[in-house]
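Going by the order they are written in, the chains are A, B and C; count residues from 1 in each one.
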Amino acid sequence: MTEPLLKMRGVKIEGRSDETWNPIINGVDLTLARGEVLGLIGESGAGKSTLGLAAMGYTRDGVRISDGTIEFDGIDLLTASAAVKRELLGKRIAYVAQSAAASFNPAHRLIDQHVEGPSQHGVMSRAESEADGMELYRKLRLPNPDEIGFRYPHQVSGGQLQRAMTAMAMSCRPDLIVFDEPTTALDVTTQIEVLSAIRDIVDQFGTAAIYITHDLAVVAQMADRIKVLLKGDEVETADTRTMLDAPTQEYTKSLWAVRSFERPAKPAIATGAVPVISVQNVDASYGSTPVLHDVSFDMHEGRTVAVVGESGSGKSTTARCITGLLPPKSGQILLDGEALPASYKKRSKDQLRQVQMIYQMADTALNPRMSIGQIIARPVQFYLGLTGAAKRKRVDQLLEQIELEPSEYYNRLPSELSGGQKQRVGIARALAAEPKFIICDEVTSALDQLVAEGILRLLAKLQDDLSLSYMFITHDLATVRAIADEVVVMKDGRVVEQGPKVDMFTPPHHAYTDLLLSSVPEMDPDWLTNLLKERGVDNVGDAAVDKM
Amino acid sequence: MDNVLKIIMQRLALGLLTLLIVSVVIFVAVNMLPGDFAQAILGQGATEESVAAIRRDLGLDQPMVTRYFDWLGGVVQGDFGASFASANAASFSGTTSGVKTVAQQIGPRFANTMFLAAVTAVIAVPLSVTLGILAALYRNSVFDRAANIFTLTSISSPEFFLAYVLILFLAVLNPIFPSLSNIYDGMAFSERLNKSMLPALVLTLVVTAHMMRMTRAAIINLLASPYIEMARLKGMSPMRVIVKHALPNALAPIINVVALNLAYLITGVVVVEVVFVYPGIGQLFVDSVKTRDIPVVQACCLIFAAAYILLNLTADIMSILSNPRLRHPK
Amino acid sequence: MILWIAAVLVGMGALAWVFRFAGQAATGNVPKFRDMPFGVAYGYILAVLVVGWLIWAYFQGRSSDPAIANKFFFLRIGIEGFIIFAIAAWLFRLAGRRVGTAWSRKMFRAMPLTAAFGVMIILIYAILAIFAGLLAPYGQEQIIPGVAANITPGGDPALGGNPDFPLGTDQIGRDILSRLIYGAQNTVGIAFATTLLAFFLGGTFGFLAATFGGWLDQVLSRMVDVLMAIPSLIFALLLMTIASVWAPRLGIPLTVFMVIIIAVIDSTRVFRLSRAVGQNIVVMDYIEAAKLRGEGFGYIIFKEILPNATAPLLAEFGLRFCFVFLTIAALSFLGVGIQPPLADWGTMVRDLSGFVNYAQFAPMAATAPLLAAGAIALLTVAVNFVVDWMLHKSSGLKE
């Protein structure tokens, strides 16, 4: 057997906080052969990025490698001098960061940053490298490859920057590239373009890669082998197909199982039923920029309507119109068939009570200076007029409903809770008003999959118990599959398509819905290959977007 | 480029407007004085006739709005009116030839103050930017901590304390520089420099501390950005990371820091000039405040405010010019 | 002269190179020496030289030859003072870790020495200010009959001192020690009151502007912009000129005018900060949730915004206090601030400043003006150390 390219043995990494060193990685082994792509997955805080950087012999400020060995092609990265490491970095080991927009220097043009590596490391002359850069841009299917390099980073879109950064990593033809969540910040339709471009170029040059992500479906497309991390420990490693078909560890199985949560379809809505909330022909604008055009849809008792679309499609703006934070320019919102005043300031206490909201970021949605008890008690007192023991009793009851032990959590501050628990408190605060209708604004997108799953199940249970009506804003189609009864697809401030979930997920679709649906990665390792074949390899997403 | 030009013109217009409003504020404030100037010039024993005569001469019988525009019209042409103190002296001697205009009084002193500020800037700017960058590079080292304590102390100390400490060590105990800065017209440059050295050093101490801390903060902020990490991960040498990747982006914040601190000099100059009896505009201002020589106070105030606004404006425009997003619009 | 300096710099460079080379050889090329840039080695050498010179100068200060001792007297005092304060702060922190509540003990454990020093000095000043009447041996305005003016500090009769007046007397025969202690009450008390007023004004308007936004915010912000366009000391001097004419006519002490003028000028800075802090909080989702619940402005400001604004405002209070304190000291030094016969440090520095010129022959005499100026500097340094620590703590140890 030939010597592996990268060999990490018993690597322990610590991070400093409050003057003490806390473990981040507790002894992980990693082996990578030449030309192999290893997927590194785990939830946030699992230490994947730290491990990825350590593979380059690099640690961020306040982080140190405390034990183990890291060998790259026979060179010990932990004892090598700074000069030896500099000679490797960029030339033989390259890095692609999560946020390309922040990782390109705003003061220099793309091509100048591209040629810096080759010319400084003496791999090619500046002119050669420039020509090579344009060739790489072409291979990565960037538009105007001969011209795009002469732009500044802020003049180029996020998806294109991410590909330009991949080109920059390739500039010295390294043996290893570390990809650190390169598509996490992108919309699904853009993600496809970047994924396919990265995969092709890595294939073409036979470069070995470590691909870090939290998205299983993405890693399934990219990696030959997958390593699962949990809180700094390795859970298991196996090749991609084995891992997907037959995971051995409980934790890995549970990650897979998330995808299988789906609610049974509900009977059709009775004709003539009055919707709880009805959005009718709403137009809205921020200042003089119009953002919503003629938006109409209904939401019924005990049902969940998922509003999907990419960022900037007007999902959240619609929610602001319903709550009255942004009075619509024209059109109206009906609650139980009666028109609501456009601004929340003009609505009665009872009307306000009926429409509640759960926010995406639980961190900013809970006042950090109030205890959990106070946060939930406020609407109880404000709307229902309960005080003293009755109030306390009601709060305890609500805490039980969200599955938090009242005696333990009543006096805690939000900062002492985990992300998922905070989101539950947000749910309890909405429930405390005893509303008919709750807007859930991306409530699971900031959470890890397992935690998100728990929140979705809780919301489903509460809906069944209390016949609540949800408006579920999300960009994640897996969440839609799991929880929605009806779906509204939005694009550029318009409703593109709407109907029951079953109809939405069976063709034929509107062209945009089709693009959106087909762009969501699936767990099948052949999904990307098949999709590209279907769409025609050369014009992946760009062409699909142009079609519309 | 049109875009940048438009923004800069807007800032300039805004600065001019602010200056105009400031002039109104100063004028109105001064006119809140009880009694009137004529009385103040002639003192208690003046006859009603002479008061009325002076009132007419100075246009004090006009309504306030008219007087404001007269004053403003004069200021725009460099005429700040006549100084009370000299007018007073002249009225006793019975001639008008001794009346010094405010402009005559301020002119040479303004030049002196500019000289002092320039000497300070020449020493302080390179020193503090270098030290600030060093402190940022070796942050949390012994050097950084010592610099932190030293700069905090010098920021916290009143200017006159620093001034007397420097006089003590550099003028009294070790007679290197003179403790009195009695400079005058026609002095040789080297001599002038020597006499201005102590006040300049005091100002340097204060301004350097501020500038160094702000430079350090700006650079640390910058070094934490992902593109600096990227440059390191591309295997660039530490020197190249600083020169090629950090400095172009640090320019805007550093220029900002420098301009803001030069604006700060304006306030510091008043106390320092008094301590060293430096014949600058700050000392004139304080003397006029004590003798209630209103036209001079008014003029000095306006000049200080104008310099302050101008420097802040410069900081603003420089940071616009050095922003690649604005220089290369989409 | 220039040649000398150049020679020293080059010599140090050579020393630095030797130092690094010796380090590499002696330790078997450990990374600390192997990757050490030349500049860092140079820095070490420079530091050693400076410390060496300080030690040499200190012993010069203890020399038996009075000419030499006088020359290095102040440096000696400075070094001794530095060491004494450092030890005192260390002991103070040690004590803080032992006694007090669990909360205060925890706080002291995480405290750097500079912050402990700051807390200690602030406590001492507070005690002096509150109990000035009990602690001061004489009254602040008392011209003691039969006592000479201008007694030298130090209490050594041979040098023109008097043991009854350890810090000497001023130009009209008042006890300097008593005036320094009363100065704590007057100067610090007035500065504290001014800062409180500035915070009340600036904070109220700042939060109103942040919460209501719209035209109120526009009007207030533009007004503040104009006021801030005039350098604050200059503006204060201008307004004090006017106030000094009005004060006797209205029969109100000039000091009251000074408090109001400085508070108004300083409240513009407080306004800017509290508006910014308020705006950061107002965009939080929990504020939106409260608005959508139908809560009134009173509830939102007092229950949701203010509790979250205290930490940054407290740090700002320290900084503003220093600024106000220095402004008042500067005004008094220029003769238009706190009015005699109230004892005040700024005025004392101005009155006693002439003594600095005697330093070469009678170092003790020169300490008189420096004591008052030093008293001002010490307090502002202390407050700044504490604020620096608070800001560092709240920035979440990122850096």
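Couple of notes before you dig in:
The criterion applied here is as follows: a residue touches a chain if its C-beta (ideal position, glycine included) is under 8 Å from a C-beta of that chain, and two chains touch if they have at least 3 such contacts.
Computed from a predicted model, the values in this text were never measured in an experiment.
Shown here, the protein chains touch in all possible pairs. Put simply, the chain nearest the middle, going by average C-alpha positions, is C.
When the C-beta pairs in contact are tallied for A-C and for A-B, the bigger tally goes to A-B. Rounded to a whole number, the gap between the C-alpha centres of chain B and chain C is 23 angstrom.
If each chain is reduced to the centroid of its CA atoms, chain A and chain C end up 49 Å from each other.
Distance between chain A and chain B, defined via averaged C-alpha coordinates, is recorded as 52 Å.
Across the assembly, chain C contributes residues 399 that each touch 2 or more other chains.
Along chain A, no residue makes contact with two or more other chains. Of all residues in chain B, only 18-19, 21-22, 25-26, 29-30, 32-34, 138-140, 142-143, 148-149, 152-153, 155-161, 164-165, 167-169, 172-174, 179, 220, 224, 238, 263, 266-267, 270-271, 274-275, 285-286, 289-290, 292, 294, 297, 300-301, 304-305, 308-309, 312 touch chain C in the complex they form. Residues of chain A touching chain C in their complex: 17-19, 61, 81-82, 323-325, 344, 347, 349, 352, 355, 357, 359, 361, 364-370, 378-379, 382-383, 429, 433. Partner chain B is touched in their complex by these residues of chain A: 56, 58, 60, 85-91, 94-95, 97, 99, 102-108, 116-117, 120-121, 151-152, 154-155, 168. Interface residues of chain C facing chain A in the complex, by the touch rule stated above, are 31, 34-35, 110, 284-286, 288-289, 291-295, 303-304, 307-308, 397, 399. Of all residues in chain B, those touching chain A in their complex are 225-227, 229-237, 240, 244-245, 248-249, 324-325, 328, 330.
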